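Naming follows writing order (A, B, C, D, E and F), and every chain is counted from residue 1.
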Amino acid sequence: MLSTILDITYLLSALGFVLGMQRLSSPDTARRGNLLATVAMSVAILATLIYPFENAPNNYLWIILSMIVGGAIGWIAAFRVQMTQMPQMVSIFNGLGGACAVALAMVELVLAGQQGGATYGQMAILLSALLIGGVSFSGSLLAYAKLEGRVKDANITFNGHNIFNLVLLAATLGLAVWLGMQADTVPTGLAIGLMVLSLVYGFSFVAPIGGADMPVVISLLNSFTGLSAAAAGLIYGNQIMLIGGIFVGASGTILTVLMCQAMNRSLLNVLIGSFSSAGGSTQKGQGDQVVKEITYTDMAIQMYYAKRVVFVPGYGLAVAQAQKMCKELDDLLSENNVEVFYGIHPVAGRMPGHMNVLLAEADVPYPKLLDLEEANDKLGDTDLAVIIGANDVVNPSAEDDPGSSIYGMPVLQVWEAKNVVVLKRSMRPGYAGIQNPLFFHTKTKMLFGDAKASLQELVTAVKSL
Amino acid sequence: MLSTILDITYLLSALGFVLGMQRLSSPDTARRGNLLATVAMSVAILATLIYPFENAPNNYLWIILSMIVGGAIGWIAAFRVQMTQMPQMVSIFNGLGGACAVALAMVELVLAGQQGGATYGQMAILLSALLIGGVSFSGSLLAYAKLEGRVKDANITFNGHNIFNLVLLAATLGLAVWLGMQADTVPTGLAIGLMVLSLVYGFSFVAPIGGADMPVVISLLNSFTGLSAAAAGLIYGNQIMLIGGIFVGASGTILTVLMCQAMNRSLLNVLIGSFSSAGGSTQKGQGDQVVKEITYTDMAIQMYYAKRVVFVPGYGLAVAQAQKMCKELDDLLSENNVEVFYGIHPVAGRMPGHMNVLLAEADVPYPKLLDLEEANDKLGDTDLAVIIGANDVVNPSAEDDPGSSIYGMPVLQVWEAKNVVVLKRSMRPGYAGIQNPLFFHTKTKMLFGDAKASLQELVTAVKSL
Amino acid sequence: MKIGVLKETNDRRVSLTPASIPKLSTQGFEIFVEQDAGSDAGFADARYEEAGAKVMDRTSLFNQASIISSIHPLSSAELAKLQAGTNLIALFEPFNDPEISESLKKQELIGYSMDMIPRTTLAQSMDVLSSMASIAGYQAVLLGAFQLPRYLPMMITAAGSIRPATVLVLGAGVAGLQAIATAKRLGASVEAFDVRQAAKEEVQSLGAKFIEVEGAKDDSDAGGYAVEQSEDFLKRQRAKVQERAAKADIIITTALVRGRKSPILLPASTVEQMKPGSVVVDLAASGGGNCELTQNGKTIQAHGVTIIGNSNLATEMPEVASTLFSNNLVNYLKLFVQEGQWAPDPENEIIKASRIA
Amino acid sequence: MKIGVLKETNDRRVSLTPASIPKLSTQGFEIFVEQDAGSDAGFADARYEEAGAKVMDRTSLFNQASIISSIHPLSSAELAKLQAGTNLIALFEPFNDPEISESLKKQELIGYSMDMIPRTTLAQSMDVLSSMASIAGYQAVLLGAFQLPRYLPMMITAAGSIRPATVLVLGAGVAGLQAIATAKRLGASVEAFDVRQAAKEEVQSLGAKFIEVEGAKDDSDAGGYAVEQSEDFLKRQRAKVQERAAKADIIITTALVRGRKSPILLPASTVEQMKPGSVVVDLAASGGGNCELTQNGKTIQAHGVTIIGNSNLATEMPEVASTLFSNNLVNYLKLFVQEGQWAPDPENEIIKASRIA
Amino acid sequence: MDLIIEFFQNNLLLIYLLLFTIILGFEVISKVPTVLHTPLMSGANAISGVVIIGAIILVRQAAAEDYFSLGIGCLGIILGMINVVGGFAVTDRMLEMFKKRK
Amino acid sequence: MDLIIEFFQNNLLLIYLLLFTIILGFEVISKVPTVLHTPLMSGANAISGVVIIGAIILVRQAAAEDYFSLGIGCLGIILGMINVVGGFAVTDRMLEMFKKRK
């Protein structure tokens, strides 16, 4: 009777996980989905706590204390962390989950040793949990350190690292298989050895992967943790752990693949080809200055949830004939109550009134067009300035570099906005032929490509929000 | 060993069903999905045929003959049927599936009776299969007859039909429960009675539902068939039947709900509220002439897969200021290699050149604009003429009704095209104040609503293809 | 059927162009064209001859033709020279010249006035008033824009930002709507005004703003023509116009009420308030003008405002105007021919409405 | 710092408008304005006085002002009346009038020629050539469209379908680009032509079609100004132009090469082939014209084509032209003032380039 | 009550499986475009013909002289076969029009 | 080999369940917009903290003086709890920005 109730509770929790994840995959419902999963987890934990095991010592004091300590640490960490450091945090959390699986597997291995052996099936399960959990743990910690910038790639990689990894992997698996054969004795020492090996492998596996690829790796390690939880579920014959773990393992894997696709790379390329391309995909250096790129979706989010966005069109808008696309984006944003203005610099384009002609053609209402002064007044209180094929007219050298050929010309002070995104095709200069420090500004991100194509992508991205 | 192979085969088939359905839900992969499901089904059937049951008489001759007969009938029927009659065909097929379940259940009930009873569990399963299958069978056949126009609603419904249905349902269920109690004897006569009752209920359940709602009902009955198959699967302890049936039951149900949503109605409304709204949603009479409406998606498909589409803009395009939306649709179609032209009648709009002004504003290239004679030359070889807020200029009375005030005026002969869709808000006449027989033409379908809004919906619909 | 095409005395247009001649010939017409008839519109005599017409002097044309086509009617002196029974097709404007009908009848001439063709959908292909009004509306904007000492579109330039000019169109008939469309194209802010109830939607259908004045008389029975409005209404309208006009850079007025004096929509007091340099183009000048200060056929300066009174702007685009007129005429003449013979059906709605003598 | 603003003798514009006066006053300028200086542009003397300027006659102005601003330079007769050391700001056009520099120096006058301001991004806010060219391009289209006896946009009407007119723009500098934009707005099919390599992209950036002729000389070092092209190139270009021009309804030419005779892009033989009624607007008339038949300052008819030679169309929009000129002038004057004192930095690139005496 | 608990105990995994199958059914269908409603219905219908397997098992195991079972079983096979073959064929015909141009 | 067949026979339903869970996992995630990649990863990570349940069971069943099991078990609970609580909380914070305007 009671065990049926426990089963049903677990069943409901499992449903909660699945439905929670399902909801998490759409922006509208994501928050509710997370809540649902949280509730499901709480219910499962609570049920596990109060279900009366026969003759169990229970040790409630230990448990409650541990839970309070762990919960408090997690809670505080989650609220202390800055938005930009979220991926690191997730990575740590994930590693700890893996460590938990390792702990369980070790205890059970030791107990099995003491109780005189286990079946082969049990051994397979225990060793998988140990191995996968271990890789996940050490790998996640290294990923964290990398994202935090605490380790430099150069210090932890060496020539032939990939080959070393293969050898290490083979050794680890070999040891695991051999250990599995010893089901009747379960040598504890070797089990500890396997644990160490798996930790080393996890570390070594992540070491050569480039910083920009870390989110993919974290997602992959996350699905590892899921699998180790599932294995632990098998140890205890516990369905919720099994289902939850498998589910996370599966969705984590597909998520990893999706993330790779979003970066236009294959998973293999991320894991193996990492040496050659390390960091290459996100940075285009210019001397020692660094240019940051932004993805369509990130930009779409920034725009969509902004209060005020100022578009700064330039000659590139005209060349790309992107005025109508620009209007379409404007319409989409305006529908979401984003205030959209156009900052028109007097010499933008190649003839007086060039931007006016184009924007009138696209039916942008006149009151949205701000001239230099009006725009500069508004820019300070703007969340995002989007520079669409403009260059000279947003060049800060005009204000701060007396050596510049345009020093003294009033320009649009887009850097006063909270964020700046520049849409252009390359790092080439504009009409005046001078370099633009705006592109290297801390607030600036670049979106390379033909302005019309980029705006089209942004329209699609905003629509999908 | 062999039974493991059978299990694995079934497992793979089940996967095939799931993945097939998944693929079926996206236009790009739908055909492959269907193929996958077909293969899965064939494999499952084949495996069932050759698996060596212990001491089974096999009766292969009977089986093969039946399969050939059934297969041939199904195949021929599928290829004889016209595109427009597909829903009817699906309905029949579905009914036959239900009948098959009924047959199985009856046989097993009789056998159980002969063998001296069954467990309550078995009874519950058998009776469910019988009941659900029966409803599905007779309901589907009636749905078929309705769609074919072979029965008139008035002949098979009466006042208080809904209440009668409730009573009938209660009686049927009551009998089923009572029969279930007789697990130890399994009285065959009563079982036959239950079968008859379920058939009557299926018929009576579908009877009051309006012709336009038939697809929804068919989908619902389809999920019933799935459930009855699942029940049959339980009878035989056969996983593929169970999984396949449940899966169809679930997806059929959600599909039913989606179809209701697409019609902007609730399922309950379709099933119960059917008396009041019978047929009302698709027809707007005008005297004894009947106007046919079209849905956005149907129209989107017609356009997207057409060779040539001619837009005929009129004053309504101007009023709705829909010119840019029209251009967007044009662009989408052109991308798919649909030839798009604009037929411009000399007096369309309210001033000479009205359409030219608007379409130039939307950047429609001049060569796409055809004047009266050019357009009439092309219309004969046009798949779809889309009339966007035009009326007088496409009025056939000008050619064939000497009493009309515009008799003798040359008009755009849109009725020469293979299909005509008219976008306007109502049945109101245009400037000349005269009725337009085009709207009642056999080739014509109406899409009511503001032209801009309608075009927006069409753009969305075309994009989702 | 011998049709003669006259050279206009005071107009660069011509009522029939060479391109139309084959269309008439195949119907059985013989065409005579006065010397130099189309030269101002860009159609040399040679092109008429190539197309199959005979070019001759006015007197021989008068002697030979049984149907005479022109844009403006003949002077009474010339009418006297014609043989009885001659068919005359022109814009007689009987509303403005009520005696014309009598004087034609006296001389036993048959008169068809193309401006009397009903404004129905069916008659559109012969509706010269629409064709000409459309040209006038277009030209009015070009003329006004050229005269205006300011830009029409908005311009943000290194030498300062220029706000778009406001164009106010009074009377949104065919000419008014075309003016609205043209001004919108040039980037102006366009507002418009009319007393017809349908006008609001029509104006908005071109993306312009409609200025509403309540209480207009219903005109749905007037066959499309504007009806005269009550004094109170006109007063309120004038007030509103005054308010908007003070802000307008170009005002184009088109409210011509046939047979009556044009309503005054812009009194002198309003003009006084306008910005210096602004322009008024009054297409209703021939009926006295919608602006109190308008002088028909003249461009004057008043209170710093340029006021152009011109109801005949179509003549400034003689080539296209002649082409359209000619097409309308050909479509009109089709009504008169039965199996190659001149046989106008007196019961035909269009012929009935346009026959004035 | 006393600056005097002259009334132009042959131009409706004025070099400083009332709106600019406060901007100068705050910098320490005292402003004298000649009587009636702005009246043709719509700026009455009263408005200058309200803004803080002193209105006076020309002679007193000559006596009091140490800086004299005008659009066109003074006649040599008047130069003689000035005190030595007076600063003159105007469009001296030293390329066209090479002696001017000498004659100023002889009289110990200091001359700043605003047309010599470099065409750099930095100097845009004082670039009067751009401001004026922009107006000219806009006006050229309005003028051409009004003169054309046809519609610019396409029109499908009950009286026939009218194809859009073709506008050909030769020389896609500032004026040319503005002409392209304006003609596109009016619905014409626009084609354009230039020898600068960047022009193709610029033309296309306005949605018009660029007609390519291969082999243009590279001009990227010429500071933005056009360089003269080889004879062979010009020949091939002429052939191509001839081909397109025969089909054009309006041709607007803007290829002015400063200090040289304007290149002939439209020889008489081409004009002959054009459709009667077509219009040529030659903005390069002052340099002899890009059309062989152009007469500077005149509108002539040749082979049925109207040829308008006018390099000074900006003066037809005196209000906005004056406003822009005035803004440019104010921005230019800022370079000369150091802490309220007239202290031009001789090393400043812009001052250096524009000082001619 | 006990019956139900017992059933639950014995069939826990089956219940999980059924629930997940249902969710999967929902999930697979939920984002389908309206255009595909009819073909999808048709495809699902063909799959529901899986009931034929029961009929085959029935006939294979029926004694050769048990004409009742044989008759009804064969009827079931015929009906099921029509459902399966016709269903997939009709679906395929409907889907033909989604063939990509270009 | 026999072992595997036997395992398969005994755990048929479990295997179905696992397969379906995997498909479900794929299906649920496959249409997720890029924006949600990180929050989704974070949410999945929190769920993988379900392993804590194992730790709880371990500790509850450990003998009171089995300090090895107790110690490691409690460590497991602490780690798991951090994962679960921190994971869900962080996810929620990330998702805050999707709050609807209007």
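Rule of thumb we're sticking to: a residue touches a chain if its C-beta (ideal position, glycine included) is under 8 Å from a C-beta of that chain, and two chains touch if they have at least 3 such contacts.
All figures in this text were calculated on a predicted structure; none of them were measured in a lab.
Visitor: Trace the shortest sequence of touching chains from chain B to chain D and report its length in steps.
Guide: 1
Visitor: For chain D and chain E, which third chains touch each of them?
Guide: Output, common partners of chain D and chain E: A, B.
Visitor: Would you mind checking which chain's C-alpha centre is most distant from the centre of chain E?
Guide: Relative to chain E, the chain whose C-alpha centre sits farthest away is D.
Visitor: Does A-E or A-C have the larger number of C-beta pairs in contact?
Guide: Between the two chain pairs, A-C has more contacting C-beta pairs.
Visitor: Select the chain at the greatest separation from chain F, using centres from the mean of Cα atoms.
Guide: C
Visitor: In terms of residue numbering, is the interface formed by chain C and chain D classified as same (over half shared) or different (under half shared)?
Guide: Homomeric contact, same residues on both sides for the most part.
Visitor: Which angle of rotation, from 0 to 180°, maps the CA atoms of chain E onto the equivalent atoms of chain F, to the nearest 5?
Guide: Rotation angle between the two copies comes out at 180 degrees.
Visitor: Cα centroid separation between chain E and chain F, in whole Å?
Guide: So the centroids are 33 Å from each other.
Visitor: Taking each chain's centre as the mean position of its Cα atoms, how many Å separate chain C from chain D?
Guide: A distance of 37 Å separates the two centres.
Visitor: Report the inter-chain centroid distance for chain A and chain B in whole angstrom, where each centroid is the mean of the CA atoms.
Guide: That pair's centroid distance is 42 Å.
Visitor: Averaging only over C-alpha atoms, locate the centres of chain D and chain F and give their separation in whole Å.
Guide: Using C-alpha averages as centres, the distance is 75 Å.
Visitor: In chain C, which residues are in touch with two or more of the other chains?
Guide: 124-125, 130-131, 134, 153, 155, 157-160, 185, 187
Visitor: If I count partner chains per residue in chain E, which residues reach a count of at least 2?
Guide: Those would be 16-17, 20-21, 23-24, 27-28, 31.
Visitor: Counting only residues that touch at least 2 other chains, which ones in chain B make the list?
Guide: Within chain B, the residues that touch at least two other chains are 18, 22, 243, 346-347, 352-353, 357, 360-361.
Visitor: Would you mind writing out the residues of chain B in touch with chain E in their complex?
Guide: 17-18, 20-22, 24-28, 30-31, 33-35, 37-38, 41, 44-45, 48-49, 53, 56-60, 62-63, 65-67, 69-71, 73-75, 77-79, 81, 83, 86-87, 89-90, 92-94, 96-97, 99-101, 103-104, 106-108, 110-111, 120-121, 215, 218-219, 222-223, 225-226, 228-229, 232-233, 235-236, 238, 240-255, 258-259, 262, 295-297, 300-301, 305, 336-337, 461, 464-465
Visitor: Would you pull the chain B residues touching chain F in the complex into a rising list?
Guide: That would be residues 1, 3-4, 7-8, 11, 14-15, 18-19, 22, 239, 243 of chain B.
Visitor: What residues of chain C sit close enough to touch chain D in their complex?
Guide: Touch residues, chain C against chain D: 41-42, 44, 124-125, 127-128, 130-131, 134-135, 138-139, 142-143, 145-146, 148-151, 153, 155, 157-160, 162, 182, 185-187, 276-277, 304, 316-321, 323-325, 327-328, 331.
Visitor: Which residues, counting only chain F, touch chain B once they are in their complex?
Guide: 5, 8-9, 12, 15-16, 19-20, 23, 27
Visitor: Could you please specify the touching residues of chain D with respect to chain B in the complex?
Guide: Result: residues 153-161, 163-164, 187, 189 of chain D touch chain B.
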